[in-house]
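Below, chain A partners chain B and then partners chain C, in two separate complexes.
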Partner chain A sequence: MRSTTLWRYLTLSPTLLLFLFLTVLPLASLFVLSVHEVEWRDRIAHWDWVGMANYAHLAKDTLFTAGILNTLIFAVVAVSFQMILGFWLALLTQRVTRGQLVYRTIFLLPILVPGIIIGAIWKLMYSFDFGVVNQLLLYLGMTPQDWLGDSSLALLSVIVVDVWHWTPFCFLLLLAGLQSLPEDIYEASRLDGATGWRELRYITLPLMLPSIIVTFLFRMILAFKVFDEVYLLTGGGPGTSTEVISFTIYRRFFTEDQAGYGAAMSVATFAVIAIAIAAVSRIMGNKDPEAGV
Partner chain B sequence: MSIHARTCTQAPTCKRLLVSSMALGTLLASSLVVAAEAPITIVINQSPWFPGFQSVVEKYVEETGNEVELDVNPFAGSLEKQRSAVRTEKSPFDVLIMNAGFFVEFYKGGFMQPLTDIDADFGLSPDIYTFDDSPYWDADKNLISSDSGKLYSVPVNPNIPLLHYRKDLYEENDLSLPTTWDELYANAEVLNDPPRRYGISQRGQREAFGVTYDVLPYIWSHGGAIFADQKGGDFTVTINSPETYAGMQTYLKLANDVGHPSTAGQTQTNVIQNMSTGRAAHILAVLSPGLFDDPNKSAVVKQVDYAAPPATADFPSSPPLGHWLAGVPRNIPEAEQKAALAFLSWFQTDEAQIAYAKAGSAPVSRAVLESDMADEENFRWMKAMAAAIPMAKLTFVIPEASQVLAVTELRFNQAISGELELKEALNMAASEIHQLMIDAGY
Partner chain C sequence: MKARAIVSRHLILILYSFIVLFPFYWIISASFKTQIDLLMGRFFSTPHLQGYRDVLFSGTSDFSRNFFNSLLIGSVSTALVLVIATLGAYSLYRMRWPNWVLHSLLGWSVVFHMVPPITLAGAWYTLFRAVGLDDTWLGLILAHTTLNLPMALWMMGVFVRNVPSELVEAAQLDNARTPEILRYVIVPLVKPGLAAAGILSFIFSWNEFAVTLTLSQRSTATVPIGIGKYAQENTIAFTEMAAASALSILPAVILLLFAQRFIVRGLTSGALK
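After this line comes the complex of A and B, so read on.
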């Protein structure tokens, strides 16, 4: 018995060590950096202990608070739309058998394009003077809008791009989920007289809940890391209207060369996102029929 | 014997592309020249003047047989690469092309090799502009000084904003060249015909060093500033002074009355694009003359002319220096330092400077800017540049420039976008910069 336990620990230890090395060590190193200020003098980096001063400064940092708030709004709104649209598209196409390859390829095109290129494409489309969106508005007799330069529109404009970019991802995962549902339950429900809406409400949605939760969490995690679209479209502006946290960290850490403060920002963001994801998982997990099984 | 350009066009996930930019014929011809120096790598940003620099480097390679590799990056990406390079044991770059906003950080950190320590006989050619003494650094006193400092760099581009105006429209409307902001406003008002054409297009977007650079000509020419007297060591924050406020009001008046409707979202690229497509009657931008006279890229070929930025009755035209300096890091072998210096010596020659101008970039040599070339139509920008350079001033002389810029970029942009009242934005900036300077020990 004892040798079996030992054997288990021995076989597990390489994985544990690798996990520690790849995950815990960088985080610990980031935390250590976050309680220091790094200054270069005579080509040597001087690490000066500042305790929790970097963390204390976070609450007063306009860009950090705006970045956290905008990232939360961005993630919740964008992912919600992506889930609804992705699920709707998956429902529409799940029983289509002809031309599957064609429509799936077309649907999936946006996720195959790198974010930085998508940013460039949409920046042109949103251009006040030359963009196709404003040209269309003019054609319809409407007033052109300053999609990226107006504080009240900029975040919405970035969200639209992200929805366009990532809806196919949700579509793909949810379609796979729908196609794996057992057909006999649907046959039985139809025999009992279930209509389309009742079928969706009482059979499809409950059975799809695990897939929906996984897709939602996946997308939320990715949405919290948004960077490239904002970098190219708005640079975080105008003002702080599209400032997202990964962009703030990048700027503080690299452009401004504040390694200690940037590390504190990263650790704090990690904590906020972990709490947010845990809260969402818990809320959604409570609704999961398989939770606690 | 070749030149390679590694172009990083997608920041921050930088895509690298290795391109041999020499034609086969040139390669064959240059293969007859024996390389005298070790190969060098230059880290540089992708600015409007880059094609001219690349062309001059190609000429150097062709003439000397020495190998040069260009590592090309976006503005912020180049700065980050330079920082990383000088902090390692051996820099992968032999020449750093440093921007006026950030070079002090490299001087003060002890990362750069005084050029006269590599070769005691090396010096700036008397014809090369010194741009507010920025190539000289006194490491003992930590200040820029041509009197007590050593030579740390060679200017490579006089990047200063010039007023670009549509000379065809000026002739049609019988307008005179503006020397004050009020005159510019009056002319812009005449030429403002939105959405077909805006009186002026100004950069207002928040970047690493964007909107701040473009509002400084307004602020300085009204007697305002971010600090009272940086070069004199007086770091009293004056960004919320009445003079700075007046300068910003002039900027906003132009933007709101005769400017582009999306000024807060305009980058340098947008502004230049507005001029090249005929959408702007005026812009205040760094020079890219090759672009405006290229029929493949411009709808206003030969119709753009240049002047020094306007002034006020009380203060002269005050363009900020956004120039670029080439320095040699300490952490490279002696042979590479000498090779870097060989390139910088050659770059200062009249021949190189003329080739640089012909390739579409502004030279840093007085001899070329004030030569007969300035009378040729293709080089009509030279007189404006020569007039503006003596009035140009350094933007920052402290290594904390990037942190100060983070504040000013945000607050100026908020004032332009209307997110904050101008007075509120300037007061917030003043308070934040004041705290930042105290924390930094000033």
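After this line comes the complex of A and C, so read on.
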């Protein structure tokens, strides 16, 4: 029995060590960093204690608030479109008997491709001078737009890319949900004369609610992490119109050398997300910690 | 009536297939154009291989090195993720840890999985610099392993829990030790899970950008970093960017054609328990 105890620790220790040294320790170091200002003098880092000053500065930082606001708008608008479009496509695909696999193969492609390449492709397509989007507009007799350079259009353009990129993910999860619904309920409802909209409204939607919620949460989490596409498409600009939270943090840390302030932002983001998770799992009355993955 | 419904369904799905495929078609056709043809907006032009030649064989191009780095970091980190996650999942679900250990570990992995990786990138950068792991393969492998571990731990947990506990108990009655149980009972039964988690882990590592950007320099940069570089330069080399993009889509296409079963199972195992 003693060897079992030993193995119990041995099998879990790689996970524990990795989490400890590469997630817990860095978070702790971020916390320490966030109450300091780091300055490089003569190639040596000097840590000056500044207390809560970095946090106090957060509330007044328009880039940070713009970042949070833009991330929220981006996530809510993009994910809503993806859910509706994905659900519709899943319904259509499920009812198709021939070619289901072909459609699924094609639809899956975008989610397997690196975000940065999606960004590169769309950057070329959005190009003011030679992009295919403007060529199409010209062909239709409309005025070409500066999709990424116009501050009133830029966030929308990024959202369009995200909808194109991630609708297939919602499609796939919702299709799996649809395919797991019991067939006999539909047979019974058809015997009762339910068709089309009524079947969707009173049978499919209620039964699909758990899948819909899980898919929605999955996507929201990913949408909040958005970085790659924005980095390549707009770099947060023009102005602050596509400034998202990941990008603000990145800039503070790595291009503006404000490590202490960047750390305060990271800790604040971390805290907000932890609170959000706690709130969501309480609302859903689910004690299972995996429910939100 | 019924035939019309079927036709209209197919029409909508085919239209959406076009929307999905068009950007890929466009980037591939752009990669065969010359910079001038592309900038002039010529839709049809004689195909040129200059973009590919520049990307693959020019002395100033880092693409083949980036490709090698991506393959190395992707495969080593995936192997590590699978070993660590399988051991961890077995330990957590089959070796009677107290509930608080199980819940706090899984809870923590969920929180970690949800925060933008960039929040930790700054801390990793400081930490890795302190111990000399910045700009090394080992550092990037460790970072990618950590990023993909929550997903794999959770997926392997689903598969390990599906192994009937009678099988494990029977093996224990036969005096099998833990390594033997893992080797002869667990691993053979969770192979589909290993395939799903492994393929996803490799794809995520291949696609990872934010953390790699902060932890790598020229010699350790991966494919996405290389592509990001093209777009950042003052005069963008569009055809090279297009050719490099087209080449980096290849692994996704290959995996999609030959391992779609596992990708779908992996991605949907979260929605269906």
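Criterion: the second predicted complex is superposed on the first by the 243 of 293 C-alpha atoms of A that agree within 3 Å, B and C clash if a C-alpha of one lies under 4 Å from a C-alpha of the other, contacts with A are read in each partner's own complex, and residues count from 1 in each chain.
Throughout what follows, contacts are C-beta pairs under 8 Å (C-beta built on N, C-alpha and C of every residue); 3 or more make two chains touch, one makes a residue touch a chain.
Bear in mind that the values here come from a model prediction, so they are computed numbers and not experimental data.
**Q** Who does A:D228 touch here: chain B (first), chain C (second), both, or neither?
**A** So A:D228 meets both chain B and chain C here.
**Q** Could you tell me if A:D129 is touching chain B, chain C, both of them or neither one (first, second, both, neither)?
**A** In the superposition, A:D129 contacts both chain B and chain C.
**Q** Output check: A:D257 vs chain B and chain C. Expected answer is one of first, second, both, neither. What do you get?
**A** Touch status of A:D257: first partner only.
**Q** Could you say whether A:I116 touches chain B, chain C, both of them, or neither, answering first, second, both or neither?
**A** both
**Q** When both complexes are superposed, which of chain B and chain C contacts more residues belonging to chain A?
**A** Counted on chain A, the partner with more touching residues turns out to be C.
**Q** Looking at the overlay, what does A:N70 touch: chain B (first), chain C (second), both, or neither?
**A** neither
**Q** After lining up the shared chain so the two structures overlap, which partner does A:L33 touch, if you call chain B first and chain C second: first, second, both or neither?
**A** second
**Q** Which partner does A:Q82 contact after superposing on A: first (chain B), second (chain C), both, neither?
**A** After superposition on chain A, A:Q82 lies in contact with neither partner.
**Q** State whether A:A274 touches chain B only (first), chain C only (second), both chains, or neither.
**A** In the superposition, A:A274 touches chain C alone.
**Q** On the A-aligned overlay, A:T240 touches which partner chain: chain B = first, chain C = second, or both, or neither?
**A** first
**Q** Which chain A residues contact chain B in one complex and chain C in the other?
**A** Shared contact residues on chain A: 114, 116, 129-130, 227-228, 231, 250, 254.
**Q** Spell out the part of chain C that touches chain A in their complex, as residue ranges.
**A** Checking each residue of chain C against chain A gives 6, 9-10, 12-13, 16-17, 19-21, 23-24, 26-27, 30, 38-41, 43, 83-85, 87-88, 90-92, 95-97, 103, 105-127, 142-143, 145-146, 149-151, 153-154, 157, 177-179, 182, 203, 206-207, 209-210, 213-214, 223-224, 227-228, 230-231, 238, 241-242, 245, 248-249, 252-253, 255-257, 260, 263-264, 267-268, 270-272.
**Q** Note which residues of chain A are touching chain C in the complex, please.
**A** Result: residues 3-4, 7-8, 10-12, 14-16, 18-19, 22-27, 29-30, 33, 89, 92-93, 95-96, 99, 103-125, 129-130, 132, 135, 164, 168-169, 172-173, 176-177, 180, 211, 214-215, 218, 221, 224-225, 227-228, 231-232, 245-246, 249-250, 253-254, 259, 262-263, 265-266, 269-270, 273-274, 277, 289-290, 292-293 of chain A touch chain C.
**Q** Name, in rising order, each residue of chain B that touches chain A in their complex.
**A** 10-13, 76, 79-80, 83, 86-87, 105, 109-111, 195, 204-208, 260-267, 274, 277, 279, 330-331, 402-403, 406, 410, 413-414, 416-420
**Q** Which chain A residues qualify as touching chain B in the complex?
**A** Residue positions touching the partner: 40-43, 45, 62-63, 114, 116, 128-130, 144, 146, 148-151, 154, 227-228, 231, 234-241, 250-252, 254-258.
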